[in-house]
Every structure is written in structure tokens, then in C-alpha cells.
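Both complexes shown next keep chain A, but they swap its partner, so chain B is in the first and chain C is in the second.
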Partner chain A sequence: MNPDRLDRTQILALLAVLTGLLLPHAGRLPSWLLGALAILFGWRIWLIRTQGRMPPKWVLLPITFGLIVGVFIEFRTLLGRTGGIALFAALIGAKLLETRSRRDALLLVYLGYFLVVTNLLFDQTMALAAYLCAMVLIITTLLIGWHTLGGWTGQWRVAFKQARFAGVLMLQALPVMALLFVFFPRIEGPLWRLPQDRGSIRSGLADSMSPGSFSNMSKDDSVAFRVSFEGERPAQELLYWRGPVFLDYDGRTWTQSPPNATTSPRIEGGTQPPLRYAITLEPHQRPWLLALDMPATVPDEGRMSDQLQLVGRRQVSKRLRLELSAYLQYRAGVDEDEAMLARALVLPEEGNPRARQQAAAWRTLPPQARVDAVLQLFTGQGLQYTLAPPLYGSNAVDDFVYGGKQGFCEHFAGAFVFMMRAAGVPARVVGGYQGGEENGDYLIVRQADAHAWAEVWLEGQGWQRVDPTFAVAPSRIEEGLASAVNDSDLPYLLRLDNNLVKRAQLALDSMVNGWNQWVIGYTPERQRQVLKRLGITDLLSGKFVAVFLGSIGLCIALIAGWLLWRMRPPKPDAARQLWDSFCRRLAAYDLVPARAEGPRDFAQRAMARLPQRETEIQAILDCYLAARYGSGGGLEQLKQRVVGFGR
Partner chain B sequence: MNAATPSRISLAPLHAVLAQLDDFILGKPRETRLALACLLARGHLLIEDVPGVGKTTLAHALAAMLGLAFQRVQFTSDMLPADLIGVSIYDRDSHAFRFHAGPVFSQVVLADEINRATPKTQSALLEAMEERQVTLDGETRELPDPFFVIATQNPSSQIGTFPLPESQLDRFLMRITLGYPDVAAERAMLLGEDRREMLRDAKPVISLAELADSQHAVRRVHVAPALVDYVQALCRATREAPDFHNGLSPRAALGLLAAARAWALLAGRDMVIPEDVQAVFAAVATHRLLARASNRPQPELVAKLQAAVAIP
Partner chain C sequence: MHPAPPPRRTWLAGLLAPLQQRWNRWLQRRHPHGMVAQRLTQNRVYIFLSRSGLVFCIMLVAMLGGAINYDLALAYLLVFLLASMALASVFHTFRNLLGLSLMPGRADPCFAGEVARFEVILENDSRLPRHNLGLRFEGPVEASDVAPGDTARVWLPLSASKRGWLVAPRLRIETHWPLGVFQAWSYAFFSQRALVYPKPENDPPPLPMAATGDGEGTLTPRGQDDFAGLRPFQRGDSPRHVAWKVAARDDALMVKEFHGQAAEALWLDWDAASGLIDTEARLSRLTAWVLAAHAAGLAYGLRLPGEVLAADQGEAHRDACLAALALHGIREAT
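So, the complex of A and B:
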């Protein structure tokens, strides 16, 4: 049989691997193309079963051409990310039908490796990476099988051995892969448009706040962002993650006025140094960034707005890692401009007469006393913090404070700011997240941790955070959402009890976080930082090339050295070493033992050549034979004689 | 040359045997020494050569020198296993079957032209060789001790032969070839006494007890780990060499070591050195290593392999 011919198991294995690699693309390819691929794959399998003839060129060419035209009509291009993959998949399907020999199959295997890469253009999650690693292992096993005589022998034991070999190869490639990951110049921005698959789903905070907008999020256990602190984690009640600021109220909805980033109020920190931390935002398709109240530094990726809000340069459409710092004690906007303060006092023309009236009565008090008065009113009224507040009418504040008395954070913050403005204190609502869940060395903040609080401006103190929810339900802030409301209303992950499912989920999240931090989060900026730490400032410098290639070379040399070291012959025993040194001495007389020449034969040859030293050589031979082939001993004597022979 | 001699046994009778053998087979001291070493290592011997070079004479002489009971069996294509092992015959006086032992119940069996017999008969003998016993009619009978088979065979290219399969060749510890004598030896033989008469007059030069002692002494010859390394290196090389169908079996490795011990004993040493292994390697290995190209033993390939394996 022609060794270049493929047998059926080889074809089937190839088909299986290609299917596995195309599978993640299935959702991106048009259904007609998936159908066509299924037909082409099925046709190939049918040809194996029936031992049928391969289709001739004049059949194959129109099929291929038809597929290409179809892809072009579907995508209006043959290039680009999705169009390119569609074309690629179509051509692979067509190629299968002319795969006769091992050479053709090898081509498909190499295309398979390329298919691995294409999957990463769409998705870079850890799960996909693990899947693709498994696929690489399988293709490599296939390749090894074809390059060793016989290929698939029908024995799983052999296949397992080949897979183990492939695994060893991959492990040996690991250090080089890691070096390439760290050093290979990262490309600024996407090659072609990068993932926007998640763009359609907007989650998290909105740019306006109306009743229900926060309580709706309280059942969403998806991750908003993760934080790792440099040093001690602050107390739970200090973890206010500042998001959009809602300044304008129309009687029902608080809306964010577009942040203006040309000027921003002054921020002064307290006596403590700023707290440094890293935050990894999940994409939320909004321009704002989230930062611990109050941001002490402005990252490269964003600016500080006139409302003390960090705003990104573009909307956060992919995972973003920021290194930030915050003042936990601060004075911000002491010199706030008049226009902003005026806007922070605006109320709708009418509505909520009772609240207005009560607040107006406090105008004579000093501002701080007015704040306390409102908080006292809230606690005195017996307001309740609940996940399912009733729907209030057009006088929402009055209905809440004096009527239903049940509310979520947006009710508390909204009512508080309304009454502060009515009492003549500039105030605004701040949206964001509060708290977070500790998981190992980092903090998970979920959508359910979304929170709204208030900020009032006091003369000489600037903007001060006041959380009316804290005044009414301190456990919400100190211990989290689940302790403040009825547990069973919440999804699993948000409940208090520490069951197995939750622990497993948290462990998984910890892995995902590591992946996001170190793999996805390794952006060109971070690469620059890492390289700077190594003293490399320029990617084109000779030093970079030297470190880059040098470290890869060193890596390969170390692995090769280790392999050679493992194959080294065992160290000869002491008697043999002495005999070898005796042979080296005889080399001066042009006497070199042949490869398979025994010691006695060699000694006899030496004695014939050097008759004057016959007794010496004979003595050394006797000692050597006794020491190495006899029952041992006499090593010292041998050593003396060999050393003595040199003189 | 070497002072160390195996303790407690005298080598004189063995050397006397060798001297006598060399009187019979002129000019072949190495082959006679190998034959004796094979016997001392309790192995069976295969002598392969063209007719008339003294195969049978060597076997005869060896038995006579050692004073062993000797039976010669001429193998033919119509020979049956019973002709070799014996047969039970009904005895009218005792009203019972009585076993009449065949020629295999002898201390030295000369199986002449073994490859002329059918495989069935060949295997009957080879079974006896391995087990050193014969089972007939459900009764197991021990063969005498020592039990030594010397088989001769003509090169298999000759007409009317059934070549021994590899598994059976493996049971012969050594295969030696005698070859034509050199001019001087042949001349001495032509001028000398008649071999047949010499054989008739030959007297044993070693007692049965001395022979048993010598065989015992062979097992006591010291083998150092370094030497085992060499034996293993040789065996591994035969298994990895592309020239041969199969490498040496573990049985062959054991045989190689036993033969090297016997060779060392004959040289008066109480330890085996690599040269001993080299001396017996060709005799032990050649018939077991069938060349891929010709499907026959090829001594020159074995020699090449031995020269390529460095002594560890």
C-alpha cells in the first residue's frame, strides 16, 4: 500500500479536529454556509464508507466558486474578520474533497493551526483558551501520528503515548510562549474592528435615575468590576465607587448632565497618603469610569469632569484595567463655581408640596444642621429599606416619606437631595456602587452592588458625601445588600449563606479575574510599563532586540541542555576513570584502544609496543581487572601505579 | 599470566582434555576449546559445516575423553520421535508394558545431520534438550546427568534438509563451524594415525566427579556489574541493529554469560573479563541472529556488530 495514501481513521480524525475548530465559529457563520459545510463533511465521510471516487475538478471548481460568491454576497467582502473566516471555512470544506494523500492532509492540519488563531479574534475568554489548547494538543497528536511510521495503529495505548509526546512538546514550548507574550510588540488598537459582540447588551448603571432603576439591578449577580488594593483594604462603609452624577431633576427622573471635562474643581487630600488600587472594569458601553470616592489621580485613559467624575476617552467597550488612587478623606470643590452651585439648587416648579414646605422651614438653620434635620426626619418617619418598594405617584417624595415609607436607595437619595435643595443646600445624586465581596486578594463588585447616594456642598468643606440609606439601614452599607433585605429574594450568588455552589463560583471568578488581569489586561500600556521596569524604553532599540532574542535563545538552550543532560552516559566508576587516564598516558606512544578492544588485548598490544615497561603495564592491568571485574578492592594500588606510570 | 585461579579445583584434567582433543582435531584449538566450554556451561552444541571436516570425530572424541556414555543417532527424513525417545512394549511375562529407552537416554547424544529429520522428530529432541526429561505415556523420565547434545548439520542450502526454526536454534548454546584445516594440519592428519582406531583406544582423562566439579566451578566464576553492563550493551545492540530480524533473547543473554564464565574458567581466571565475552560471542550469537537480507546467519555482520559496541 502506498504509504502516502490516507486511511479512513486518519481522515476521520482530521474531520473531527476541523469540526472542533470550526465549532466556536458556528454562531458567526451564515446558516447556508453551515449547511454547505455539513454537506461537504458528510460527503467526505460517505466517500470513506463507500470507497467511492473523489469528485473530479469540474465538479469541485463550481462548488468552490459558488461558495466564494455566496460569502461575498453575504458579507459584501471577502476580507475582514467574519467574512474572512467564512471564506476560510468554505475553502477548507472544498479542500477536504480533494484530500487524497498525506501531503493534502498535512496542509489541512496546518490550516487547523491557523483556525485556532482565528477563534481568538472573536473571543478571548479563559474557557475558549482552554478549549483551544486542547485542540492544539489533538492536532499535534495527529501530526505526530502521521510522522511516525504507521500512523494510527488502532491502539489507544499508542495514541495516548503520542498525545503525551504532544503534551511534552507543548510544555517545552511554554516558556518561549510566555516570553513572546511579554516581549512581542503589542499592536496599538485593533487590527480590524475588535469584539463588539457584547455591545448590544448594556448592563449596569444608566445615565438617568428613576424609581426602580436601581432595585431592578439588585438581582443581577453579574460582575461590574474587580478591584485589588495595594495594601490594606479599607472598611466596607468607605467603599463608595463613584459613577455618574445626576444633577437635573424633572419631578420624576434624575438625569446626568453631560460631563464637561475642560475644568474640574480642586481636590485636596487629607493627611493620609492616597490609597492605591487597580480596578478592572467589565465592558459597560458607557463613557464613565468607576473610581473609589474621591479620585486622587487621573489615569491616562480618562479625565476628571466638572462634577468630580472620571470620564473615559471613549466608551468602555472592552475590559479595561486602570491603576488609580483615592483619598478616603478629602475636601473637594471648596471653590466650586457659582453656576454649578446654582444648578445644584434647581427644583421642578411644582410637586411634593409637603416635603418642600417642611424643608423650607429649616432654611434658618446652619447648613450642617439642615442635613442632620433631614436625616432625622427619615429615621423618625420609620422609613424602610426594601427591594420591592411600591410605585409612587407624581408626588414621589411626599408619597415615599409621608406615605408608603418603603424605598430602595434611589428613593432615599432622591428624596434627600430634593429636600436639601428645598432647604437651600446645594445637593446632587451620585450613582455608583457600594461595597463589594472579598474573594481572596481581590474584591468583586457586582451589578447588585449598585447604589445611589447624595452629595451636599457646604461652605468651607466643599462637596461632602451623605448617604441617607446608611442613616436608615446601616447594615446595607456595613454588611452588604443581603443583610439588609430578605435573603431569599436574591439570586444565589448574592445571598449570605456560603454554600458549595457559591464557593465554586467564587473560585472560578478568582481564576477568571487572574486571566483578565494578566492575559487580557496586558495592553500596550502595561507592556510599556513592564519593559520600562527592565530598563527598555524603546521597542526598536538594540537593547530590546538583545533582551527579547537573548531570553528566547537562553530558554531554548536551557531546555536543550536539560534534554542532553538527561541523555548523558552514566559517569564511569573509579576504576574505569583510572584506566581511562592510563589510556590517555599511553596515547603519547600512539597507543589508543579501539572501540571494542578489551583491556587485556589493549595491554598486550601496549606491552608488545613498549617491552621496556612490560612489568608496569602488566601490574596495572592486573590491578584494573581485579578492581573492576574481580570482586573489587585494590583501587588504591591501581591509583598509585597509574600515577606512577606517568613519571 | 594471571595469578588468580578458581579456588579448590584443578584445571589439569580440563587442560588434558583439551590437549587430547587437539590431537584428534588438528589445527582447530579454538573450536575444541569452545566445544569444551559449551559442555562446561551445560549447553548443547551445534556443529555446522560441510561433510567430512571432522564434525562427528569431534563429538566422538569429546565423549570419549570425558568418559561419558555415548549414543549416535543418524537423523533421516523417515525417522520418528519413538526412534529417538524409545517405546513401551507389552511384556508377556510380567503382563505389563515395559519401556525400552531410546538413544536419547545417554549422557552424550550425537544427533548427526539433525536437519535431515522432519520437524516432528527435531522437536522431540529439542524438547528433551530444554527440559532434560522425556514424558511418554504419561510418565516423566529424567535424562541422565550430564546430558549433552551435540548436533551436526549441513549448511541448509544442501538438498533434502529441514532447516531448524529460530526457536529451536535458540536451544543450542553455541554453534561452531570447523572449516577446512590449514595445509600443515591437513598434512599431519594425512600422515598420522587412523582417527577411527585412535578413538577406539582413547581413554577418559577426566572423571565424572571432576567434570561435575568443573561445571560447578563455572557458576562460581565472578561476574562484576561492569561486565553485565557489557553483556547488556551487546544484547541491546543486536536488538537495535537494523541488520537482523530479531535481537538476542534473554535466554541467549544468560547463555552468553554462562559461556563466558566457562571460557574464563578454562583460561584459569576466577572472574570474567570482556575478552571472555568477546571470545564466545560469535559462537553464541551467530546462529540466533538471522540477517534481514539473507534470512540466514551471517558471521561477518555479527563481527561488525561486536566491533561497534564499545566496552562500557
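So, the complex of A and C:
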């Protein structure tokens, strides 16, 4: 049998594992390609069953070429993520039909490892990791199978043994893998950027605020970010997570003016030291970063804008962990730029006459009194905080304050800022998140926690946060959304009661958080922190090399030592041990068995040399032969005789 | 005859030749010579990336590039897992050869132009099995497993072109187990010898009965009716002499023996192969005659210049004759 020939069981296993690796891509590939792949895979299986001949080159080449052209027409590129994977899948399908020998199959096995990576481009959850881990085990089993004599056919036991060995190999690799993961110098990507790579799904805050934009998020229980505080967690009503600042109003929509990061107002903290915390943002495809109001430090990943907003250097398209600190009491922008203050007073030419008129009447009051007046108006009007406010017309503020009186945070913040401007106090809307849910030692902030509040500028105090929602519905701020509205409208996770779904989800989220923090979120910065804790300040310093290579060397030495111990010579059986001891005794007479000399020949030689002990030697030989090669037993007797021989 | 094509890359070969020689000398100093058992100790086992291992490394680098570019922590993890597995496999590959004992075994004689076979015995005195050990001289690889505490026998082919002693070249033993990323290998210089008989002439003239006979030109070898008894079948016996009735009854192949007369013995004489000047052609013809005479169950003698083998029959005699022919004019190798 040709040792290079492929075993049909192995081919089937290879087909199965390739299918398993292409399966998660099924939703991303066009249906015609899936169909073509199914046909190619089916064709290969049919060839195995019928022992048929492989298609010749002149059949295979046009098929391959056709698939490549099809992928190009579909995606307009052969690069990038989805296009590249489609091309890859097409090539694997074609290669299957010319896989005859182990060498061809070896290439497919390597491509299988590569397919594992393509799956990670879209998703890095624990579940997928576990699935892919099983796939790697199967691929490795196949690889071991190719390099072991004999195939698998009809011998699942053999395949199982090889799978077990693959598992052992993976376990042995784990320590070194962990060390490499921690120590291998991380480089900030990307090295190259391909078209279509930018994330397409946007969730979370938008760069404008119009009626409904926040209330639409109120049922979205997906995670926006997670926070772990260094030390005590501040009270719930202080947890304002600052996001985009909406400065411009056109009568309907508040929009964010592009943040300018060249200058930023001065921020002074209170008497308390800044609060330090780490925030892990889920990708939201926007440039801004969320930070606790008011950021005390600016991280490397971002800058502070002229609107006191943290802006990232690029879009947050992957999970991002930031080490930040915040002043809970602050004075920001006391010396604010005149132009900014002027912009914070601009109102549309027309609209909302009633609100304008009422606010204008307060212009004579001191600024702080004007703020209180508007808040009192809101509570006095009996405004209600609700998840489903009515749709208001072109005079949205008038309709809300004096008409419908039902609104969500965007209505409150918008109306408040409108009236403040009308009263001559510079004001703006701040978007972000409020509160969060405690889960163990960290805080989960969900999209449903999205919130809008106001900021007014007061002489000598700078920008001050005012939350009109808090004035009307304090429980929204103190206890969360669910307490302020009828919570049966909300998804399970957002409700107040400690239901089972919620508890299970929280436990899972805790695991996911650990995974995100330590595996997915192991960034260059994180690596620097971990190494600093080990006393290594510089990558490529002598100490780093010593610790890195030393620990890997230790792991390797353990593997080598374990293997050497396992392959020690087998322990001889009891009879052989006694015979060896007999031989050692004879060595005193210069009698040493030759390499190829059996016991019988050696005994003959010994008897010839020592005729006076002939009977003894003969008896020991007989006992030994009986004990070792005969029916067994007689060990005691042999022992006695051998011991007796010494005297 | 076409002139041999000029060897390509001669300058490179010229540069490498001294290195190659040094390498061979160094190897020969490291490994014991002769027909002795050889244990593959640590300093005699070499290990390096195999060709598919190179592809594996290229793939890992590509995967690492993807991991960096897309900042995929799990892709990093996978690259490191595969790299660590390859690293661990170094030791598995190495130990697959380490401590193995190689022993030279028998060597089957053959005719020139055929393939001689050399036996190599592998002894595994460790507690772990050894997988897929490939052995070869230059030609195809013969692979074998060796169970713990067991031995395996591998027969290695080597094509023989010339009669005389065929000395086995350097034996290479290699393994790619388990992942094929690394290969470990070692050498043995056993210098096993196999006897290569001259190539029997195709379509030789009939046996030279007349030259030695009684004048009739034909010879009745042991009279077919002087039945003498039965002896066990040996390879080379003519099927015509098999006692088929006995075989049907006893399940044992027996051959009928007949009385032969020494005086009627056939002499295969160097001079009888007249008409051929070339020594090798004569030896070829004599070889063919020896085979024919043996197949016919004749008693025959062989007369070579300087060497005479008295008339006899049977396998041993045939082999002695073939050996004499193989070594004719060749000084006994020491």
C-alpha cells in the first residue's frame, strides 16, 4: 500500500472539520457560493464512496477560475475581510478535488488552522473560542494521523488515541502559550487597512439628539461599557458618563458641533483627589470616549475637546479599555472662550413663543435663580417622565411644557437648555449615560442607561451640570430607569426585581467581563501594566529577556524531563532481577554474560569454569527458566538459591 | 550515446563540495562503523524544521500578521498555541529516535540489475512506543513502528548494478512524528554487504551436455526410473519432481530423488562458454546455466580459472556456485 495514500476516514474527518470551520461564515457568504461549496464537498464525498477518479485539470481549472471571478463580482474585491474569506472558501473547495496524497491533505490541514483565524475576525466570544478549540483539536488529530503509520479505516480506537495525544500536546503547549501571550511584545495595529474593514454596525449614542433618539434606546439591554473603580464606588446620582455635547439647535434637532481638540478649557478639581477607574468600551464606531463627569486626566488614546469631551484618536471600532480618573466636584471652564459662550446662547429665529416669553421675563434675576426658576416651572407644570412620550409638533418645547407634559430625558434636557438660552444663560445639552448596574466588583452600563442632561455656564463657577430629569423624576437618577417607569414594559434584564433570567445573565456577564479584560482586552497598554507589576519597565530590557526566556525554558525543561522519565527502560520482571543479581555474583569469578549470550549458554560457561558448583548453577538455571519462561512460580525457590549462592 | 548534460550550478557545487566532504567526515567520526549495534544517543540524533514545518512557520507568521493588524487577541492566542505545540513536538520527535538501537541484520543476495535487500533490526528498550521510523539508503523510505520493549525488522532495498559485493552506503533513519513540523534523523554506517550474482544471460544456449557426456550428445541425469526416495521440497526444485500424490495426502511438499551417477555429472566449464570473449558475458552465461541445471535437478560442477567446484546438487551447491561466479576475479573485500 502506498504510504502516501489517503485514508477515506481521514478524508471524511477533514471534510467534516472544514465544514465546521466554514459554518460560522455561512451567513456572510453569498448563497451561490455556499451552493457551489456544497456541490464540491458532495462531489468529494461521492468520489470517496465510489472510489472514483479525481477530475482532471481541464475541469478543475475553469471551476476554480469561475469561483474566483464570481467572488470578485460579488464583493468587488478579493481582499478585505468578507471578500478574502469568500475567496479562501472557494479555493479550499477547489483544492479538495485535487487532494490525492497526504502532502495535499497537509496543505488543507494548514489551511484549516488559517480558517480558524478567519472566524475570529468577526467574533471573539468565549463560546466561539470553545468551539474553535475543539476544531483545533480535530485538525491536530488529523495532522498526527498523517504522520503515523497506518490509517484509521475501521479503527476509531486509533483515531481516538491520536485525538488523546493531540489533547496531551495541546495541554503541554498551554503554559508556553500563556507565557507568550503575556510577554510577546504587542504591537499597536493595524499594519495595513483594507477596504470594507470599518465596522458597519452602529449602536449607542448618535451625534445628534432629536425627539425619540434616547427613548428608542431605553429597551436595548446590550452593554455599552463596563467600569471598575479603584476604591469606593460613588453614589448612583453622581454617575454621569459624559459623551457627545450638543451645542446647536435648529428647532427640532440638537447636533454636536465637531469637537475641536486644539484648545480645551481649564478644569479644576475640588479638595478631593481624583477618582480613578478603568472603563472598557464596547465598540460603538464613533470617535468619542465615555468618561465620568468631569475627566481629570486625558488618556493616551484620546484628547480633551473644547467642549470638555474626551475624543479618541480614531473611531472606537474594537473593545477599548481606558484607565481614567474624574473629579466629582469641579470647576470647569471658568475662563471660557467668548465665542463658545456666544454659541451657547444661540436660538432659532422662531418657534416656541411661550417658552421664550416666559424665560425672557426672568432675565432680570441672577443666573442661578434663573436655573431654579426653570426647574420649578418643570415641577410646577407636573411634567411626567415616561418611556412613550407623544410626538410633539414644530413648537416642541411649548407643546411639551405647556401641552402634553410627558417626556423622556431628551425632552427635559432640550426644553431646559432652550429656556436657559432664552433667559440669557449659556447652556448646552450633554449626551451620555447615567448610572449603571453593579455586578460583583464592576459596573455594567447598558444602552438603556443612555441619558441627556444640561450644562449651564455661570460666572465664576464655569460649566455646571443640571439634570432637569432629576428635578422631575429623582428616582430615575437615584435608582435607575426601571424605578421611574412601569417596568413591565422593559426587557427582563432592565427590570428591578431580581429575576432568574437577570441573575443568570449577570453571572454570565461577569465571566464575559473577565474574558474581555484579560484575554480580548490584553492591549499594549495592558501588557505594560502587567509587566510593570512584575518589575519590568522596558520591553527588550535584559530583565524582560531573562524572565521571558527563563520561564519558557523552564516549561520546556519540564516537558523534556517528563518525556525522559516516561521513556525510562521498563522494569525487568522479578525473575530477571534475581537472575541479574546472580550474574553480578558470578562477576566475582570473571564471568560476565556476553551481549548475545542467553542464560543457558552463560550457565554452561559458568559450570565449565566452576565445576565444583555445577549442581548449584544448574538448579538456579532450571529455577530461572521455569519462573521466567515456564508456567511461572518457583520465584521463592529461585530467590533462596540465588541468595544461597553468595555464601 | 548522448553526451551527459553539463551539471548545472557547477560553481555552487564546487563551493559546497569541500563543505559536504567535511560534513561527511565529521559524521563518520561521530557514528561508529562496522557491523555493530548502534544506540542513538543524544549526540547522534539531529533535529531541524522539515519542509512542511517551513510552510507551517510561514503560516504562523501570516496568522500573527493578521492578529496584529486586526488586533485579535484570540488569533494571538491561536498562533501562540500552535507555536508552543510545535515547540513541544520537538521533544516528542526527538525522543522518538533517542535511545533506539539499530542493528545490522542479514543481507539477501540478488542478481545484478535487481534489488538487494538489507535487514536492519530496530530495538526499543524504552516504555514508549516509537512511531513511523523511516529508514533508507538512497532510495525509497521503509517505515516501521516499534512497540515498547520490542524489536522490528526492516528490509531495505538497494539496487545492485554490478556483480560482487554490494556494500550498503550510509543508512539514514528519520522521523517526522507527531506533527511533521520537525524531523529528527540520524545515520548508521554499518557497511553491510550483500552478494550480487552476475546477471543471468537472457535466452542462454542449452546446457553443454555434449561437452562432458558420453558422446551421445544428451545426458540422462539421474535416471528417471532409479527412484531413490523422498526429500523435502526446496526452492529451485523442479515441479516435475514433486511427489504430488504424497503432497495431496500429507500436506507436505516432497520431492522424488533419483540415483544420479557421478560419472554422468554435468560440468559447467569456463572454456565451454566459448565464443564469448568478455569475462562478464561468460559469467552471465555460466550463471544462467547454473540456474538451469539446478532447476532441472541435475548434479553439476563448475570449473572456473583457478577455482573448481565439484559436482553436486541442491540449494547450497547452487549458492556456492553463484558466489564463486559473483566473486570471480574480485579480491575478497575485507
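The rule is simple: the second predicted complex is superposed on the first by the 376 of 647 C-alpha atoms of A that agree within 3 Å, B and C clash if a C-alpha of one lies under 4 Å from a C-alpha of the other, contacts with A are read in each partner's own complex, and residues count from 1 in each chain.
Keep this in mind: a residue touches a chain if its C-beta (ideal position, glycine included) is under 8 Å from a C-beta of that chain, and two chains touch if they have at least 3 such contacts.
Since we're looking at a predicted model, the values are computed, not measured.
Looking at the shared chain after the overlay, A:R370 reaches neither chain B nor chain C. With both structures placed on the common chain, the touch criterion links A:R226 to neither chain B nor chain C. In the superposed three-chain model, the partner touching more residues of chain A is C, compared with the other of chain B and chain C.
In the superposed pair of complexes, A:V136 makes contact with chain C only, with no contact to chain B.
In the superposed model, A:R303 lies in contact with neither chain B nor chain C. When the shared chain is aligned, chain C comes close enough to touch A:V176, but chain B does not. When the two structures are aligned on the shared chain, A:G598 is found in touch with chain B, with no touch to chain C. When the two structures are aligned on the shared chain, A:R446 is found in touch with neither chain B nor chain C. Judged by the touch definition given at the top, the superposed model places A:R628 against chain B, while chain C stays out of reach.
Touched by chain B in one complex and by chain C in the other are residues 595 of chain A. Listing the residues of chain C that touch chain A in their complex gives 37, 52, 55-56, 59, 62-63, 65-78, 80-85, 87-89, 91-92, 95, 98-99, 125-128, 131-132, 143-145, 148-149, 176-180. Chain A makes touch with chain C in their complex at residues 3, 103, 106-107, 110, 113-114, 116-117, 120-121, 124, 129, 132, 136, 140, 143-144, 146-149, 165, 169-170, 172-177, 180-181, 184, 187-192, 197, 318, 519-523, 556, 559-560, 563-564, 566-570, 595.
Of all residues in chain B, only 2-4, 222, 224, 226-227, 270-275, 278, 306-312 touch chain A in the complex they form. Listing the residues of chain A that touch chain B in their complex gives 572-573, 575-576, 594-601, 622, 625-626, 628-632.
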